[in-house]
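Following: one structure in structure tokens, then a few remarks.
Going by the order they are written in, the chains are A, B, C, D and E; count residues from 1 in each one.
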Amino acid sequence: MNDRIKEILSWYDNENPGTIKNLYSILMHGKLAGTGRLVILPVDQGFEHGPARSFAPNPDGYDPVYHVKLAIDAGLNAHAAPLGSIQIIAKEYAGQIPLILKLNNNDVLSNNPDPIPAVTASVEDALRLGCAAVGFTIYPGSINFKKMYEEIREIALEAKRNGLAVVIWSYPRGSSLSKEGETAVDVVAYAVQIAAQLGAHLIKVKPPSEHIELEEARKVYEKYRIPVNTLAERVRHVVQSGFDGKRIIIFSGGPAKGREEVIKEIKQIKEGGGFGSIIGRNSFQRPRDEALDFLNEVLNIYMEH
Amino acid sequence: MNDRIKEILSWYDNENPGTIKNLYSILMHGKLAGTGRLVILPVDQGFEHGPARSFAPNPDGYDPVYHVKLAIDAGLNAHAAPLGSIQIIAKEYAGQIPLILKLNNNDVLSNNPDPIPAVTASVEDALRLGCAAVGFTIYPGSINFKKMYEEIREIALEAKRNGLAVVIWSYPRGSSLSKEGETAVDVVAYAVQIAAQLGAHLIKVKPPSEHIELEEARKVYEKYRIPVNTLAERVRHVVQSGFDGKRIIIFSGGPAKGREEVIKEIKQIKEGGGFGSIIGRNSFQRPRDEALDFLNEVLNIYMEH
Amino acid sequence: MNDRIKEILSWYDNENPGTIKNLYSILMHGKLAGTGRLVILPVDQGFEHGPARSFAPNPDGYDPVYHVKLAIDAGLNAHAAPLGSIQIIAKEYAGQIPLILKLNNNDVLSNNPDPIPAVTASVEDALRLGCAAVGFTIYPGSINFKKMYEEIREIALEAKRNGLAVVIWSYPRGSSLSKEGETAVDVVAYAVQIAAQLGAHLIKVKPPSEHIELEEARKVYEKYRIPVNTLAERVRHVVQSGFDGKRIIIFSGGPAKGREEVIKEIKQIKEGGGFGSIIGRNSFQRPRDEALDFLNEVLNIYMEH
Amino acid sequence: MNDRIKEILSWYDNENPGTIKNLYSILMHGKLAGTGRLVILPVDQGFEHGPARSFAPNPDGYDPVYHVKLAIDAGLNAHAAPLGSIQIIAKEYAGQIPLILKLNNNDVLSNNPDPIPAVTASVEDALRLGCAAVGFTIYPGSINFKKMYEEIREIALEAKRNGLAVVIWSYPRGSSLSKEGETAVDVVAYAVQIAAQLGAHLIKVKPPSEHIELEEARKVYEKYRIPVNTLAERVRHVVQSGFDGKRIIIFSGGPAKGREEVIKEIKQIKEGGGFGSIIGRNSFQRPRDEALDFLNEVLNIYMEH
Amino acid sequence: MNDRIKEILSWYDNENPGTIKNLYSILMHGKLAGTGRLVILPVDQGFEHGPARSFAPNPDGYDPVYHVKLAIDAGLNAHAAPLGSIQIIAKEYAGQIPLILKLNNNDVLSNNPDPIPAVTASVEDALRLGCAAVGFTIYPGSINFKKMYEEIREIALEAKRNGLAVVIWSYPRGSSLSKEGETAVDVVAYAVQIAAQLGAHLIKVKPPSEHIELEEARKVYEKYRIPVNTLAERVRHVVQSGFDGKRIIIFSGGPAKGREEVIKEIKQIKEGGGFGSIIGRNSFQRPRDEALDFLNEVLNIYMEH
């Protein structure tokens, strides 16, 4: 094990060997193995946005097998998906790539300004299906935060007891936040802190914007002149908010957009000390060859020293 | 075991042998045994709509024994009913046809635009009564989706742990959907995706209409010119939304109507790649001889290559 | 065992021997033993309406011992009461008459148009007190139906696992039903169906009136000319709605009224194929001698062939 | 054991020997030992009303030790208090007086017209602390009655399973009762009936007033001319409502008032057949010597034949 | 063990030896070891207020390791923090200072006038991480008090069963309290009483102000002339409200302010018989050297006789 991996794993030395083994398996898989950087392919959009919106641009994606093969062939670190998808692939691809079972999901059929997803799978499912980790979304800012934080408390405890790793998607949203506030730098930094305090090993957030949402926070950002002008600076601040860099923070790609734009964003994430990316629609909505080429470019960015 | 059955069962190879055995028993029962197609007789209308509305047209149907005999004599694949009915028939007809215990039910005595059925029986009931599967209704679009999805999560996990198969009735309904939207093709496809992600082995939906409900979805259907003009096309799209055809999707008959109309619909379902039908009122509200003749015609459609 | 008792018990042949034994004990107790008819004395009015309203007309009734002796001396099939009352009598009268522990209760101190009683005792209480059955009230039509149906699901499963019988009081009530609708023939028939599907062995309803409440139901009653003019006809329809007569349906007496009126009603219930009566206030609010004489007359009606 | 104690215990002969032993210990402790009468010192006012309002009149009362010593030295039957207080005294005074752990509590910091106290301690606490009984407050008339009745159902079952006695404080209150109605004779009698049906061994109510609250009840009180003019008559009616005198009913003293007034009230309670008193503020808010003298007078009243 | 420590531990002699051991370890750690006084460093502000507002003034504080070292080096009695932070430090600093795992947390992203924090960690977490105690915040005055009091009831019981100590942060807040009322002397005294009755071993409150919030309480404070003019007097009254001084009451520092002001406040707390301080922002938002110097001054105050 190289020093960087040793250092990262040392932050989790309170955990059972089983959990360390699974974190290790994620950090040591694919082209970024041993770099301490990660790229993950998440595919829960069929549930979250509906099948046609997710897969019509590249209909191969209707089949869960397509995604796990894409993740393996691209040399990514892990693949995350909800229960049904993981059930399809778990046996055939057992051992070929670390799997993250997404334990809760929302859909867009009923709207709730204060979202509270359904818990759609269990730690027991993750264990029987051979997953390396469980994934869970929290919406800090939702008036339903208590329910979600307590769900992940129980799930995380059970997962750790059984040697799994815990990934939290921390997406601020709720009736007391503005739309702009959901990606405000102060709010994203706060979302990282909360996920870290809830015991996540790996935290996924959206790239933070320059906006500052909370009045009390603004005073502090101004008084202490926290640099937040460039995305790289904001990423640095967000990573610092995860126990001064002692938590693995990765950034989502967001809605599909121009390749150059994504690449530019990822370079900034890298520069700011982000640990990697979790790229869904920007990967699987492109044709397979294009996706492989695109992901290769992303991986190369993260491989540079 | 023929190749088609092997192929279908291969989609579920993550499951315990007990569950595979029960799926096999359903696929290998009745006239459609080995074809990979299914016709199921469901009788929960006594609970859902009231006894007279369900059984007065053919009063033999007040007796649960009538239905199981009809299903056996017609050569159907399985019979589904709520707890009380299954209790009446479970011992006498043990082993003669796979039984699906319907675990939740709604009634029409109190109205709720966002329905949330009562869970009226347990996996333990299904096991002690010798059932092959449990059945469960979800209403995607209801603001109560979290509750329902979490009920089926626990039920499905317990069912699979104990070697049962899981059937989900996925019926979009709720205050943020229009009446037309409940059978809109985008919404039915979405309902299939959700049921599949929740871990269903077998999914029942209503035949989808041409209507598209969700604005964001409409853009995609138009942009990618997803063909939804004929019922066969819509069925094909809906089946694709179930993991690219790797989930067994069957279609309900809806309210009793003219025989020709039903037959026409079933031919389209067959043409579109639907796995079969679940036909309640159109079967048991006709006199027995007529019902047997009608069901035979349906089975013959599904037997054609 | 005579043929009628054999026939009745055959409807429950899915149950454990313990449950069959307890159903048998109820069917074989008192003057109606072996007839397949039942008369039960229920005394939960102290809880449901208050002590003075229930017992001031005949103050001996303040003492729970009075009621169990009345039921024994009158030769009834069983006695039903809440926890406190059963605790007083369980040891002294152990074995002398089958006891039904009423597991939930409402009071009139706080009003709720959609009632949801408190579960005030447990299956474990019924077992430790030597009861033959548990009793439970549901209010179909209440917006709280889900809660109640799920309570009885768990209670019934636990009761059956432990060899007890299950009695459901099925009383339609709720904000979407009219006052008249609570005893409408379509609604009472529906209430029987629901209780039967929930797994009840014995179902208690109110005598149905000629009124039809639900618009969709009315069409069916008219189209199929279901006879509901006399109480006997309505009772016949209600019994049919309980799995074509394969569930034991008994009828309550309602508020205390003239003896002749009650007797007339019971003759109609008998004529319509009702399995018996459950008579509270009309029994215990009369002086003991008068009550014994009255109950004897009732029993004699049910003993006639 | 004398005949009166034998008689009282015979009402509870359904219980485990452990519960009988604890009831016996309460009935046989202090100056009233063997009389079948009880006086209990309850001190939960620190929680219910705040510390200064409770203890400033006699600051020794800030210390839980003061109260248990007062109860012992006065020769009372038992001492009731919340968890924190009992924890302070349980070991040092173990065995010197029966302790009743009050399992739920309300405070006056947030108002709720339909009160629903917090369950602040467990049966396990009562067992580990060596208590003879658990105490629980219900508020019949609160729209939250279902929650409370179900809490005490579970607590009472667990307590009885483990050989403890069960004391219910039954205090009618709620948005559908008038202030006057909380102590109305019909409502207090009803509160006794409910507590008795919930399985209480010992029931505490407030002295009933002449007021009749419920319209339906008033008709009965008038028709049957139930005597409720004097407090003694009302106490007699209330005791009758507890299974015709087969439950131990004791009466609270209410807010601190003139000694003569309290003594007069207690004489009426005695005359009406009340089993005793539970006297908090009227005891501990007086200086110790005065309190001992006052309690001695009370005990002497109950010792008279 | 000296007499003062013996005396303090004697108040908890109902507890398991494991809990006594952990209380002892807190009382015997750091510079105040054996004095019966405590100073604790709590760091949950990252969760409660956000990371930048908490740590930007002294960015070393982003790292949880900084805080535990500060607490150790300053010679404090214990360090309290949420799950994520404790996980980072638990193994490396195992045994070097007693740790208090904060089991519930609020954030400022969604506002609730009647706060109800999320339970974010478990007793099992505290045990596996080697903590000496669990910490829990209650908000007396919140309409959600029942939920919180019941959470701590279960947590405290489990903690004591497993030999941990229990610390309650008791912070009055809720829609029926004024802003000023949250620190009113009557309300803070009440908050101490409630926490003590809930079974806390150690109670943290804010320094009380002269304001009296509750009308009924004001009458008593005036009638009995309870002295509340100086902070020392108010602290004395608050400590008395914790079982006449038999519970360990410590006081928070509140928002960062001038050093002199804090020192003056602490002298008053000491004079009034407070057991110590829990000082977060006033410690960790100063540079480390300044913080060590400041904490040393605080400890010296408490060391004076």
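Observations on the structure shown:
Going forward, a residue touches a chain if its C-beta (ideal position, glycine included) is under 8 Å from a C-beta of that chain, and two chains touch if they have at least 3 such contacts.
Just so we're clear, the structure is a prediction, and the values are computed from it rather than from any experiment.
Contact with subunit B and subunit D alike is made by C. Centres computed as Cα averages put subunit A at a distance of 57 Å from subunit C. In this assembly, the C-alpha centroid of subunit D lies 36 Å from the C-alpha centroid of subunit E.
Residue positions of subunit D touching 2 or more other chains: none. Taken as a graph of touching chains, this assembly forms a single closed ring in which every chain touches exactly two others. Think of the chains as beads on a loop: from subunit D toward subunit E, the beads read D, E, A, B, C. The part of subunit A that touches subunit E in the complex is made up of residues 11-15, 114, 140-143, 145-146, 148-150, 153-154, 157, 172, 174-177, 186-187, 189-190, 192-194, 196-200, 214, 216-217, 220-221, 223-224, 226, 237, 240-241, 243-244, 246-247.
For subunit E in complex with subunit A, the touching residues are 46-47, 49-53, 56-57, 59, 62-64, 82-85, 87-88, 90-92, 105, 107-112, 116-122, 124-125, 129.
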